[in-house]
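Here chain A shows up in two complexes: once beside chain B, once beside chain C.
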Partner chain A sequence: MMPRWLRWAILALVMIFLIGPFFVIAAAALHGGETLAFPPKDLTLKWVWKVFEVESFRASFGLSILLAIGGTALALVLGVPAAYALDRFRPKGSEAIRLMVTAPIIVPGIIVGLALLRYLVIPVDLPMIAALFVAHTALLIPYAVRVVSASLANLRVDIEEAAVLLGCSRIGAFVRVTLPNIKSGIFAAFILGFVTSFNQVPISLFLAGPGVSTLPIDMLWFMEFTYDPSVAALSALLALMSMAVVLVAERLLGFSRYV
Partner chain B sequence: MNKLLGPALTLPAVTFIAVGFVLPVLILLSEAVTVNGAFSLSPLIGFFRDPGSVEVFWRTIRLSGLVTLTSAVVGYATALAIVDSSPSARGRLIGTLILPLMVSPVARTYAWVVVLGRTGLVNLVVVGLGLSPEPLRLLFTETAVFIGLVQLLLPLMVLSLVSALENIPADVVPAARVLGAGWFTTFFKVTLPLTREGLVIGGTLVFTGALTAYITPAILGGSKVLMLETLLYQRIRVTNDIAAAGVIAIILVVLSITANVLLKRVAGGRSQ
Partner chain C sequence: MSDPRYLALDNLTLAYGGSVAVQDLSLTVKQGELIALLGPSGCGKTTTMRAIAGLMPVAGGTVTLAGRDLTHLAPNKRGIGLVFQSYALFPHLSVEDNVAFGLKLKGVPAAERAARVKNALARVDLAHLADRLPKALSGGQQQRVALARSIVVEPGLLLLDEPLSNLDARLRLEMRSELARLQRELGITMIYVTHDQAEALALADRIVVMRAGKIEQQGTPEEIYERPVSSFVARFMGFENCFALEEHKLVGAGGVLPAPAGASSAGLAWRPRGVQLGSGPHQGEVLGASYQGQSVEYLIQSAAGPIKAEADSSAPRHAVGATVAFDLPLSSAAPLTSVD
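Moving on to the complex of A and B:
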């Protein structure tokens, strides 16, 4: 037990350090001048509007959303059966399979992006978008497997066996008994995957070029030659968006249990 | 039937990762030990002979270590404070820790440009109080990268320490106090050993996170404060030096895998 004042002091300082910068950036986004400044003067929303007017942001935002939804969906389609098999059948070489499906988390993303560019995109003449899709899906499979495995581990095997004994087919039992019971786990995996893909930078670094870019990569380029508060405005908008997604997910299913 | 069904269900995921991930990465790593298709250690030797590269290598290790150490100390104090709070406050505090983790690291890091920049918050205070006649140069320094990395990774440490602290049986600490142990003795003899696992897990997450960070050094360090990932990017984009990229890739992979294996050893040692 620590003294009350000390507890409050620690929590206040750490929370200011972690959350404070978001308020600073939101304030800087409203600055009326042409450069970044804090505190803001002559409050304006013009930088927020400017963000919506930048053509490339619209395109890269669309691609990021597409990758996040498509990549997570495919990762779940591949990951749910794998998680199910690992949990229920414990096939030969389980350990090796588990290692394989968690490998994408351990290997730094920048290496994956470069490797795909060199040995998949260039030799096979694969379009960049397809490579981005492969890279994001591979990265998300470990999350899908982990979160779904956790839900499966909490589910009793016998209810599924009971369904089979009562005349349900194996697949029928999975779809009608198991799947409904792990759906909040799958939903949590989807949110986690979506956020992970949407915010991902290193893996996309080498797979993005002019015309094909994800939003965070586009932001990095934009920052290099833009010093006005529009980047702050975009950052603030992104922060608000992610926070909204997380808060809704938390309300609906207690998302933080799965992170 | 189950004998076939098990592998069959894992096959699509395993194949996808093997072809779309493991294979290309292995080829890239092999670039570090080949010259014109024959085995050679000269790319590796070349990297460690180049003073600039070696400096980046040690800076990456040093910064990652420092970030891990700082996160451990600050994270421990925070985790203790959170566990001491009422259950409802605890839930809300944990929610507040998870929130920044879900926000784009580009946005999170850019916030520090506003805070540390020439006309930023820190310089406003420093110049306003007359501590320095002109704004300090804080961006593009190791300090800026350090601050950015701690903010990025500290929540991971706190979260794993909170769950470790929650797993300590409720009466152990009061028992130690009743038996006459002071706060420090209780902490170092009871709490710390019982949460070693959480500390190692958090430490591994933070260390590998710092090691493989790209965005933070790119935005807050620039080309003045390169780390291994930003160096790799530069080697490819500026000089298209695939051998050097392969060497950096091997270093990163070896360090990450070592950290993860150590983590599994320590974390698995007790639960099994």
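Moving on to the complex of A and C:
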């Protein structure tokens, strides 16, 4: 048994390692000078305001939100029926299908990005936005299937039969009985998908081009030319946004049960 | 007049994939009758019930209800209620909304709906819990909600799948009499699936004993309990000593005993109560004795194998290891037409 102080020290080190960078960045955003610096001197909020004035940030933020919402929604439209079919009908090879559906989580994003660029975008001359949309949707399907599967597994199959015997059609039973009971799972999958898509870098890196870029990629490009604290300010804002989303989700439906 | 062929199953055959679960089963049910489908698990009773409800495709034969052919009709168009073993309540709806579910689908106007829901909940004594969610209810209460949800739509037939098996013993008795009362009051035709013979005996107008996808015997509870036709039904009804009858000998697992004079059936069966202890033509060693309060149960090693006998606890006791005389009188035996 290690002494009490040592346990606390280890815990403190882990916490500093995990969330320390956030505080460093947040503090750097308040620096009054023209370059990134820590610890900050001459505290100011002007870099925070500058974030909202950079034209490309506004455009890429818009695209990122669009991809995150649209990609997650499409992933759910495809993923919920897939999860339902895998759980209820247990088709032949359903374990293999489940594995394949979840495989994209394991494949490094950088490979997926390169493959999509080389074998989809270039040969069919797919527009960048469409390519990003396809890539993000594909990336999010595993999350949708997994999270929705988990909440389906907790639901009894016979409630649908009960609904049918009371007069529902099969689809009516799904809509009236199954869907309301897995809606917090679907919402959790949405939040998880949104955050994953929004913070996605490696896949987007290959598929972004001039004028078409997601926010994280745009930040990388921005830093190549401008080394002022506005990037730190934007990072801090994004981190706060993600925290707020997850916090609200946790409050509303106990998000941590699903992920 | 009540229709004797209100529900008719004619030559019903049901299969899962390649394996036949129910073979060529025919059964008719009168309007207002309460039938118990009784049998061990795997005998096809639940499968038969699911086929009547339309949840299981029919491989052969027909199902008709009130003159209408249901064989290939979708389950939501049959007007048949089913109370599930697990209750299958909708977890996201209150008790009231669970019960109102079927009425809403039928488009019953709100005022009438509210009145009928209230009435159904009152019948099962749950009016005070109308706005609870199912998870806040006990097993017995959930069972009542499931019952109310099924009867409120006034189904032409109500199926009950082992409805009491998830309740404790005391509640089971209580719900049993409640079910009987409801059936009397509403006059609904019911098919009650169970593996518990006491439940079937207490509730049913008629018991249908099933075995391996076929009907083994059907009759009133008295007929089934007192005159089982086969050793399968006999054992189910407590005739624990079953023998085949061959050339005036009782053939048991361990050997033979002389048969009582005048016996002519394919087999004979006795309840432990029916074995007469202390006198008689046979002898056996007492292998075990267990005190049951009012009675004592003995296990006796006879020439035809172990025999179970029961005697009043006020009668003279027989010690383990002692040799005791006993009789298997024809008067207390059930004649069997098939033994296995």
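As a convention for this text, the second predicted complex is superposed on the first by the 253 of 259 C-alpha atoms of A that agree within 3 Å, B and C clash if a C-alpha of one lies under 4 Å from a C-alpha of the other, contacts with A are read in each partner's own complex, and residues count from 1 in each chain.
Here, a contact is a pair of C-beta atoms (placed from the backbone, for glycine too) under 8 Å apart; a residue touches a chain by one contact, two chains touch by 3 or more.
From a predicted model like this one, the values you see are computed outputs, not experimental measurements.
Visitor: With everything superposed onto chain A, say whether chain B and chain C fit together or clash.
Guide: fit
Visitor: Looking at A:199, would you say it contacts chain B, chain C, both, or neither? Reply first, second, both or neither.
Guide: first
Visitor: Could you tell me if A:177 is touching chain B, chain C, both of them or neither one (first, second, both, neither)?
Guide: It touches chain C, and chain B stays clear.
Visitor: Touch test for A:156: chain B only (first), chain C only (second), both, or neither?
Guide: A:156 contacts chain C only, not chain B.
Visitor: Can A:164 be said to touch chain B (first), chain C (second), both, or neither?
Guide: second
Visitor: Thinking of the overlay built on chain A, is A:40 touched by chain B (first), by chain C (second), by both, or by neither?
Guide: Neither partner.
Visitor: After superposing on the shared chain, does chain C or chain B touch more chain A residues?
Guide: Between chain B and chain C, the winner on chain A residue contacts is B.
Visitor: May I ask you to decide whether A:11 touches chain B, chain C, both, or neither, giving the answer as first, second, both or neither?
Guide: The answer is first: A:11 touches chain B but not chain C.
Visitor: Minimum C-alpha distance between chain B and chain C after superposition, to be given in whole Å.
Guide: 10
Visitor: Can you pull the chain A residues that chain B and chain C both touch?
Guide: none
Visitor: Could you please specify the touching residues of chain C with respect to chain A in the complex?
Guide: Spelled out, the residues of chain C in touch with chain A are 53-55, 74-76, 78, 80-82, 84, 86, 88-92, 101-102, 105-106, 149, 153.
Visitor: In the complex formed with chain A, which residues of chain B make contact?
Guide: 2-3, 5-10, 12-14, 16-18, 20-25, 27-28, 74, 77-78, 80-82, 84-85, 93-108, 110-115, 117, 119-121, 124, 151, 154-155, 158-159, 211-212, 214-215, 218-219, 229, 232-233, 236, 242, 245, 249, 252-253, 256-257, 260
Visitor: Quick one: in the complex, what on chain A touches chain C?
Guide: Against chain C, the touching part of chain A is residues 155-156, 158-159, 161-169, 172, 176-177, 180-181.
Visitor: Under the stated contact criterion, what part of chain A meets chain B in this complex?
Guide: Within the complex, chain A touches chain B at residues 1-2, 6-7, 10-11, 14-15, 17-19, 21-22, 24-25, 28, 35-39, 78-79, 81-82, 84-86, 88-93, 97, 100-101, 103-104, 106-112, 114-116, 118-120, 134-135, 137-138, 141, 145, 195, 198-199, 201-202, 205-206, 216, 219-220, 223, 231-232, 234-236, 238-239, 242-243, 245-246, 250, 255-256, 259.
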